[in-house]
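Please find the structures below.
The same chain A turns up in both complexes below, where it pairs with chain B and then with chain C.
The block that comes next holds the complex of A and B.
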């Protein structure tokens, strides 16, 4: 399912830098939208819009780093490419430690920016696909009855039907029926696939 | 039927009210000339007819009853007091009068006298007066200033709309209240009381000016600048005061904010270390350069397209030109910052300049876990310098010195020393020395080059700018190894000729 087109959001307080970035991206066929401040972006951003962020580290008001922090708080997973000036390397390092996708020191070659943007867009698409995938699995899990869920948990722990039947105090035949329902509802073709699904939605350690 | 005596007639003619005398059946016996004017009948025509003809359509029936009630044994022995009634002119038009009817004592059968007082005139006058009052009120309310009038005791007689808005009180809550006690901010009451008294005792008609806070109903104090005059009666006795006030709270606030911002900027300019200044400069220069690079690269891409978007390209080219000019402007500003033509040179005591920035430098020292020592020779010949610039150089040198502190120092406090001394030639040497690692030989050779830096986040401009500042003072910023170890930066300023004997 192909949804909204990918957009590069450029946030920079300098009119000329912002506009020139937009034009550079446009010349490479990349759709860009610009904001003059972090606040402006945050107030208008819709999390369903795929893309990536190109952020100036130094901005009056909310700095790029503060904005990154805010995005993290809001659970925005869009990759962030920081643009830094001369002497901002410590800030760039901090940004990377907080999960920035990449950074660029300005002025920079167009290809350097475009390569990073392309990679960031790919990453965002992957992230979103993964999220969609896990969302679907969660939906299917929610459709299971409590008994089916118990069967699923035991089966994916590697227990045979007979042991599951013993654990739950039901007949093996009943377990088989539940198990068939689980496989059907989870749209799993095999036990291996079912296990992979459960791993995908397991809370990360 | 007795005719009125001449005295009575004369009396009747003198009054402005219409006076009609009638008998117990309401037949008119006398009709004065004011009545002739009011009703349009000649006395000769009116006399002998029923008074009913003067009454308005609604009143006619009632009037008969009224008269009847005035007869002996009636319900109302002496009406005396009057009432508003509608009466009719000969031409049929009706109007309002105030009518009082009284029985003439000692008349049998009873006779009555009616006084018709033309209230339509009075009402007209009242309406005119009211209108004038409203217009005046409007003038007051339209005024962009607060207008407040009080009597000589300070009780408010009048407050316009503006005053009501500023005070956030109802009109009724202001009028009749005591101005000083209820509207003036408590802290300012003494000031306001003096101003009030001065107005009352002053002989001059010139408005007096004063300022004090008023307190609004929600407890907010507004700062008001007032002009006041005394109100005087015909005998020139002050009966009260009239105040016109302008709420300048917001204006004052803006002024003081602008003032604070200016002070902040001044102190930033004064206190920013060279490094910070240089970082700011390089950031500023980087912006137009980055924009130029982006625009130019975009142009190249557009031009390579089969059908280049020419308007887009020419827009970008224009931007390139203007950003290049912007970069040039920044450079021009930096130059003027360090050129001597813009500086103010004054005869100064260097020790004094050092003491002035000592507090700030000491806090820089604390940040670096270090200590700043002063080793000042006194007295010193005075020097002609731009004090702020020399302080900037000092701050930069001291900051650099603390930055040179090795990360793992042996627990000993890292000390930076500012020293002043008189050279053999009688000039003033200022030096900043530290006990750090000092400079490697190759570093020493390049240390004053612009953009040369040994620091991870340095700009390489601090020392270069410091050097040009010192050079603009006809002196030289130099480096020598410190004894027993560390670095020492110094400059020698020529002593002021006249001041040194």
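The block that comes next holds the complex of A and C.
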């Protein structure tokens, strides 16, 4: 499936800021969409849309930090660049602790924002590529039979076929056949690759 | 003058339960020899096992130790930029609480420190209370 183009979503209640950022991003060849409030963005956001967010901290109604919290609850991983005219250290630390990509104080130079936007777009593309990779591995895992999954778990723990056969109470030949099926279904060229795949989908400690 | 080794090992029996909890974990302080670093050490003097290693290599070695409870970057470092040191420390210990002290209102520096792996950035002044709270939490 071809990726959708990356979009920078600007959420700021100030019309002048929205317009100037849209023009700035357009001049840099970056597609931008603007919203006047957090609610407006949240009601229209489609998670399959790649890009990043430029988010004002202080807005009437839901603040930028509250919107970040809501995005986290929804599992949205799109990088967020906060912008604010009245930032302080506790506010910046809170935003960063909750996963903000960056936090920029107004006034800032155009290039400062463009640099951060470019980095955020790269980060989003990397995140999405990683997610696609783990999704593919999970699909392959789901195609394994229960026995093949048992064999996979044991061989990726470093057990030799003979030990796996002993653990499962089957012949070594049977293990070899299951193992060959596992390698084929998982599209793994080697045991090392299989181990890497399992590490990629393992839950974080 | 740089004062190496133990900075606040006042294991004198005072403190009761606090000493029980904090006995083993080390608070590593990094910072050049300065008034700021000395103030931080003084503020942390109620904790046991506060160390101020002589060099950043030594601080990183302590950070790698299983006994490390938290790392406090009190002031500029002589040998390298704070962000680089932070990143190295973070790579060594993924879950170690790392606190950075900054001047008030230096938002850009605080954001940079957070990007490089700080757990929290604390502005000084007004007081060291926030630092002591963070350190207490880190040691629990």
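In this section, the second predicted complex is superposed on the first by the 199 of 205 C-alpha atoms of A that agree within 3 Å, B and C clash if a C-alpha of one lies under 4 Å from a C-alpha of the other, contacts with A are read in each partner's own complex, and residues count from 1 in each chain.
In this section, a contact is a pair of C-beta atoms (placed from the backbone, for glycine too) under 8 Å apart; a residue touches a chain by one contact, two chains touch by 3 or more.
These numbers were taken from a predicted model, which means no experiment stands behind them.
Trainee: Contact-wise, after the overlay, does A:20 reach chain B, chain C, both or neither (first, second, both, neither)?
Mentor: A:20 contacts chain B only, not chain C.
Trainee: Considering only touches as defined above, state whether A:67 meets chain B (first), chain C (second), both or neither.
Mentor: neither
Trainee: Let me test your reading of the model: by the given contact rule, A:164 touches which partner, first (chain B), second (chain C), both or neither?
Mentor: A:164 contacts neither chain B nor chain C.
Trainee: Looking at A:28 after the superposition, I want to know if it touches chain B, chain C, both of them or none. Which is it: first, second, both, neither?
Mentor: After superposing on A, A:28 lies in contact with chain B but is clear of chain C.
Trainee: Where does A:121 make contact in the superposed view: on chain B (first), on chain C (second), on both, or on neither?
Mentor: Neither partner.
Trainee: On the A-aligned overlay, A:109 touches which partner chain: chain B = first, chain C = second, or both, or neither?
Mentor: So A:109 only meets chain B here.
Trainee: More chain A residues touched by chain B or by chain C?
Mentor: Partner with more touched residues of chain A: B.
Trainee: Touching A:85 in the superposition: chain B (first), chain C (second), both, neither?
Mentor: A:85 sits against chain B, while chain C stays out of touch.
Trainee: Quick check on the superposed pair: does A:11 touch chain B, chain C, both, or neither? Answer first, second, both or neither.
Mentor: neither
Trainee: Kindly list the residues of chain A that each of chain B and chain C touches, one partner per complex.
Mentor: 87-89
Trainee: In the complex formed with chain A, which residues of chain B make contact?
Mentor: Going by the criterion above, the answer is residues 279, 282-283, 286-295, 297-299, 301-302, 312, 316, 319, 322-323, 326, 456-459.
Trainee: For the complex, give me every residue of chain A touching chain B.
Mentor: Those in contact with chain B are residues 14, 16-17, 19-21, 23-24, 26-28, 58, 83, 85-90, 106-110.
Trainee: Quick check: in the complex, which residue numbers of chain A touch chain C?
Mentor: Listed in rising order, the residues are 87-89, 92-93, 96-97, 102-103, 105.
Trainee: For a test of understanding, state which residues of chain C touch chain A in their complex under the given definition.
Mentor: Within the complex, chain C contacts chain A at residues 102, 104-108, 110-111, 114-115, 119-123.
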